[in-house]
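Dropping the structures in below, format is structure tokens.
The two complexes that follow have chain A in common; it is paired with chain B in the first and with chain C in the second.
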Partner chain A sequence: MFIAFKEIRASLGRFLLLIGAVMLLVVLLLFFQSVAGSLTLGITGGIENNNADVLVFNERARGNPAASFLNPGSVDEVGAVEGVASASAVGRGIFSVAGADEDVVIVGLEDQLAGPAVVDDGRRPNAPGEALVSTTSLAEGFAIGDVLTVEGMSFEAVGVTDEAAFDVSTTLYVSYSDFAAVTQTRSGGQAPAPLSWVAVAVDDGLDPATVAERITETVGGIEALDRSTAANELPGADQITQSFSILYLLLFIVVTIVTGVFFLILTVQKQRSLVLLRAIGGSRWDVVKPVLIQVVIVVGLGVLLGVAVAGGLLELAKDVFGSSLDPRTTILTSGFILALGILASLGAIRRVLSVDPIEATTGGSVA
Partner chain B sequence: MPALTLSNVRKVYGSDDQQVVALDDVDLTVDDEEILILIGPSGSGKTTLLTVAGALLRPTSGLVDVGGTDVTDLGDKELARFRRDQVGFVFQSVNLVPFLTAKENLLAVRQLGGGRIDKAAKARANELLDELGLADRAGNLPSQLSGGQKQRVAIGRALMNEPALVLVDEPTSALDSKLGRQVMELLHREIKSRGVSAIIVTHDDRVLDFGDRTVEIVDGVLQA
Partner chain C sequence: MSIALKELLRQPLRFLPVAGALTLLVVLLVVLGGFLDGLEMSQTGAYRAHDDSVIVFDDGAKRQLQRSRVGVEADSILAAQDGVARVGRLDATFTVAGLLGAANDELEDVVLFGYDLSTAVLPDPPPAGSVVVDRQLARVIDIDVGDQLALGPTAQPLTITALVDDLTNAAPSLWVGSDQWQQLVAAANPAALLPDGFHQALVVQPSSGDAETLAATLSQADLDGLDPVTSEQAIGALDVVQQQSSTFSGIIGVTFIITLLVIALFFALITLERVSLYAVLKAIGARTSELLAGVSVQAVGISIGALAVGFALSLAFVALLPPELPIRLEPSRLLQIAVGTIVTAVLGSLFTARRLLRIDPASAIG
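Right after this comes the complex of A and B.
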């Protein structure tokens, strides 16, 4: 500890620079992770946080709720499959809100239990003109009592649920009859309300994936997916995750290179000191330990400061990005960066271990 | 028991036809409390003898006994521990850790091998710096010290762990004659007052007065 701290004191500027660099990279990483998380949840939240165990789509929709249209008889066909406890119709459409730039997704539920699993505030709708509203972190928020007018119909928010939206848009969960009404109004009574998918609850104790497989095999022209698979197959979610993963990878690589090169240069610069310490009786551990301590201090401080700054920035920009730090992701990322820092210092440690104390005599040659 | 015994010590660098014999069947004994001055031309094997005696370098053959311990067959860890506990080094060029103050350079010795810098260590460092006339320079970094002061700090560091044998390589090579003499007087006084033995390697004739005995080495062979 003694030598490690004394060296930091003597080269405080350099160490502060590295702490700053690590902090900056951590801020970027956590910021991207939060925004990517919000974006992904804005796409998948409606499925991920749904009550249904299995969702049944038209097979040609390939798991895309927006592209799925089933014939009305599908609900009964699915309900008759062994292992299905209940099946209910769900309709979905995008509508313009009167007096607003933003469109909303309206999800009509034959059975309100096929809606979001959790109502965070208020209650589920149980009368015409009532809606359970889910906003994404990237869309404007709604409060209980707010009224939205869609195609001349007014919907009052009677409940609010977080992160159960579709298509990164404000989503209104209404009764199927309200959904049918608003759809018909928009089409001038020409088009019937679509059945987008069937929400299924499976019998107690059964595996939803197994039941989904059975439904797909039994009912023609449909594809049944358990909730988790359905969320993963939503178009766009994977692309976002992959795009951001490349950014994460680049940032992790930069953290590793910056830390590794810094400590390698530092080791080369203090080579003579290391030689001296080994010559006067220092063991290999005596000269490796300060490097490890410094890595942990520098990367650890950089991570702590990065978490604090990223948390502060996300809080300040909550109205813009609507994201906050996820504790689990933050802890995992922090631990991973610390591990990368230690890994990155292996080059420096290898060099430290190769120090030959004999070099203390005449700088390498003896006579 | 002698402080140091070298018996038939041979050190060869390189292999086959590239071999260089740095020490050729050297027999040498340094008694307790004796200061031995080792002289010889450049490339004669002085520093090799010093490094072999200080367990920095293993001989190709022969026996090295320091204070009753045969160091010839010790492993790397044991050699490091041995150097830390039994030998004090004052090197010619590499002597102080630049990011540690004068006092910290002394204290660093105590921390090696998992040791602790306790009150006794701090008192010892203060006492040594005081004796070396560096009490007011304890908080200075090496870059803030003159050549003579650096050499004195190195002497203090060599004595910090109360070694049985002090090995000094060209202590006056970088000093002018006045400073060189001052450093040698100090070194002599400190070594004698502590009753330890020392080998001082030098080119400098003025240093000869400070030894109990002078031995010359030429082409790796000690001269009678």
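Right after this comes the complex of A and C.
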């Protein structure tokens, strides 16, 4: 340990450069993970944290709430299927809010079965002109008591629910009749309020996936999905995951290569000293230990600083990126990078282990 | 300098580790740049297809197509302005489409545009029952001119008359005449219908001169409630695009700093190996600036090699990615990355200047 620390102190500049590089790579990784998490939750939250056990879409919508339109008679047809305890209509549309920069998604609910599972603050709407608001960390926030004007109609936020938004936008859960009113006002009365999907509660003790399958088989032109499948099949979430996975992969490779090559070169440069150490009685462990200690110190410090910087930057830019570090993801990523650092040092360790003390007397010319 | 070059050419293995690390960083930069351009271009195709026109929004819409509502009476007001050749309508809505008769899991999200005017990119609006299709859709599902698409939940049949490049606008786009758009939306996405006599935007084409001049002229005219802008200004108003652009530009900047640190690190290690050789060179009259020039030449050489291999790897890597991922490799971006990498590598190599300056020629003789 003594040698490991002495060497770091003697070559502080080089070790600081590596710590800096690892730190920046960790910052990028954690930043990507946080933003990807916020985006994915902004897309899937409305379904993932919904009350309904099963959601029934138009069969051609591929589970996309924005593309799904059903016949008004679908609610009764779905409600008549064996295993369905109740079925209710849901309408969805994107609307502009007067005076606000961003659009909102309005979800019209025939009853609360189709709403978010949890209300974090306030209550659910129970009168015309009331709304339960779910904001995403990437969209403009609204608080209880705020009044939003959409198509000339005012909605007062009476409750707030986290992580139940659609389309990475602020989402207002209102009564179906209010939704119908704003939709018809926008279209100048030419379009009926659309039925976007049907929310289903299944009988006690039944498996939602089984009931969903039964609904799909029984009712024509629809696709029923249990809540978890519906959230996983939402378009966009998969694309985000794939795109960011590519970046994670590249960053993990760069961390491994940079750390591995640095310690390999360092080992090659001190080959003579290592031979001497072995020649005067140092064991293999005596020469391997400093390398491992240095890897843990350098990568560990890089990770710690990276976590601190990424956390600080995300906190400072919360209005823009709307995300903060998830402790579980941060710990897993940090551990993985540390493991990769140790893995990357295997080349250097192999080189250290191959040191033959006899070279001290022959200059390495003995075969 | 010639010694440095000869060393690079005769002992390339010595530089392999730094070249390998730099190659990976180049791949990372290219992929990040690809996402930056891909995300921006895949969300702005419809606007860029109107580069030669002025787009007119309502002035409360903050230049967002989906928020804008322009009354049809604005058509005649705009047509009467100086420098205006033609005025047309522009509307958009999201829905799904797939080959007629294809399974439901082969449908794709699309954005359906209604338009009146051809541009340098867009052909004349197709006749009723036909559609002009963004070629991106043909990359995701197997379609060609003459095939029939089924649009929306009601599977309205549309025959493809043309495939056009670079029209993606958040999703692959389909283009039909404005009158047909109204009928299709009533069936495919009734919640997106606007009141009779309203459209999301109008497109104005200049009789002479460019769109920028016409936009400026119209802005100065007394057009109550209208906001005439160029396609570039409309893109500039898209918050999502601007945020993505600034975020990815920042990330690319951080990646260049990592590149700088990695190059500095490896040249510090390489220089350490050669302290005695540099001392000899200094003892026989070489100046520090010459040694620094040599190190810089090696950094440039390594960068060029890493760029060549990195670009080739990136092209192969991107070709393997699913076509729906928004990644585009643009020559201008590759040039920026090449110049940035070389400059960063030279700067990184100059981190060794302090050590080179401290080498005492006398140490060559012990």
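Heads up, the rule we're going with is that the second predicted complex is superposed on the first by the 364 of 367 C-alpha atoms of A that agree within 3 Å, B and C clash if a C-alpha of one lies under 4 Å from a C-alpha of the other, contacts with A are read in each partner's own complex, and residues count from 1 in each chain.
One rule holds in what follows: a residue touches a chain if its C-beta (ideal position, glycine included) is under 8 Å from a C-beta of that chain, and two chains touch if they have at least 3 such contacts.
Computed from a prediction, not measured in an experiment: that's the story for all the values here.
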Which superposed partner A:245 touches (first chain B, second chain C, both, neither): neither
Chain A residues touched - chain C or chain B, whichever exceeds: C
Chain B versus chain C as contact partner of A:223, first or second or both or neither: second
Contacts of A:210 with chain B and chain C, given as first, second, both or neither: neither
Touching partner for A:10 - first (chain B), second (chain C), both, neither: first
Chain B versus chain C as contact partner of A:154, first or second or both or neither: neither
Chain A residues contacted in one complex by chain B, in the other by chain C: none
Residue ranges of chain A touching chain B (in the complex, touch as defined): 2-3, 6-7, 9-11, 270, 272-273, 275-284, 286, 357-363, 366-367
Touching residues on chain B, where the partner in the complex is chain A: 22, 42-48, 50-51, 56-57, 76-77, 80-85, 87, 89, 91-100, 104, 107-109, 111-113, 117, 141, 157-158, 161, 169
Residue ranges of chain C touching chain A (in the complex, touch as defined): 17-18, 20-21, 24-25, 27-28, 31-32, 35, 61-62, 64, 66-67, 94-96, 98, 104-105, 107, 109, 150, 152-153, 155, 186, 188-196, 198, 239, 243, 247, 251, 254-255, 257-258, 261-262, 264-266, 268-269, 272-273, 321-322, 324-327, 351
Chain A - residues contacting chain C, complex: 13-14, 17-18, 20-21, 24-25, 27-28, 31, 35, 58-62, 64, 66-70, 91-94, 96, 101-103, 183, 186-194, 223, 235, 239, 242-243, 246-247, 250-251, 253-254, 257-258, 261-262, 264-266, 269, 320-321
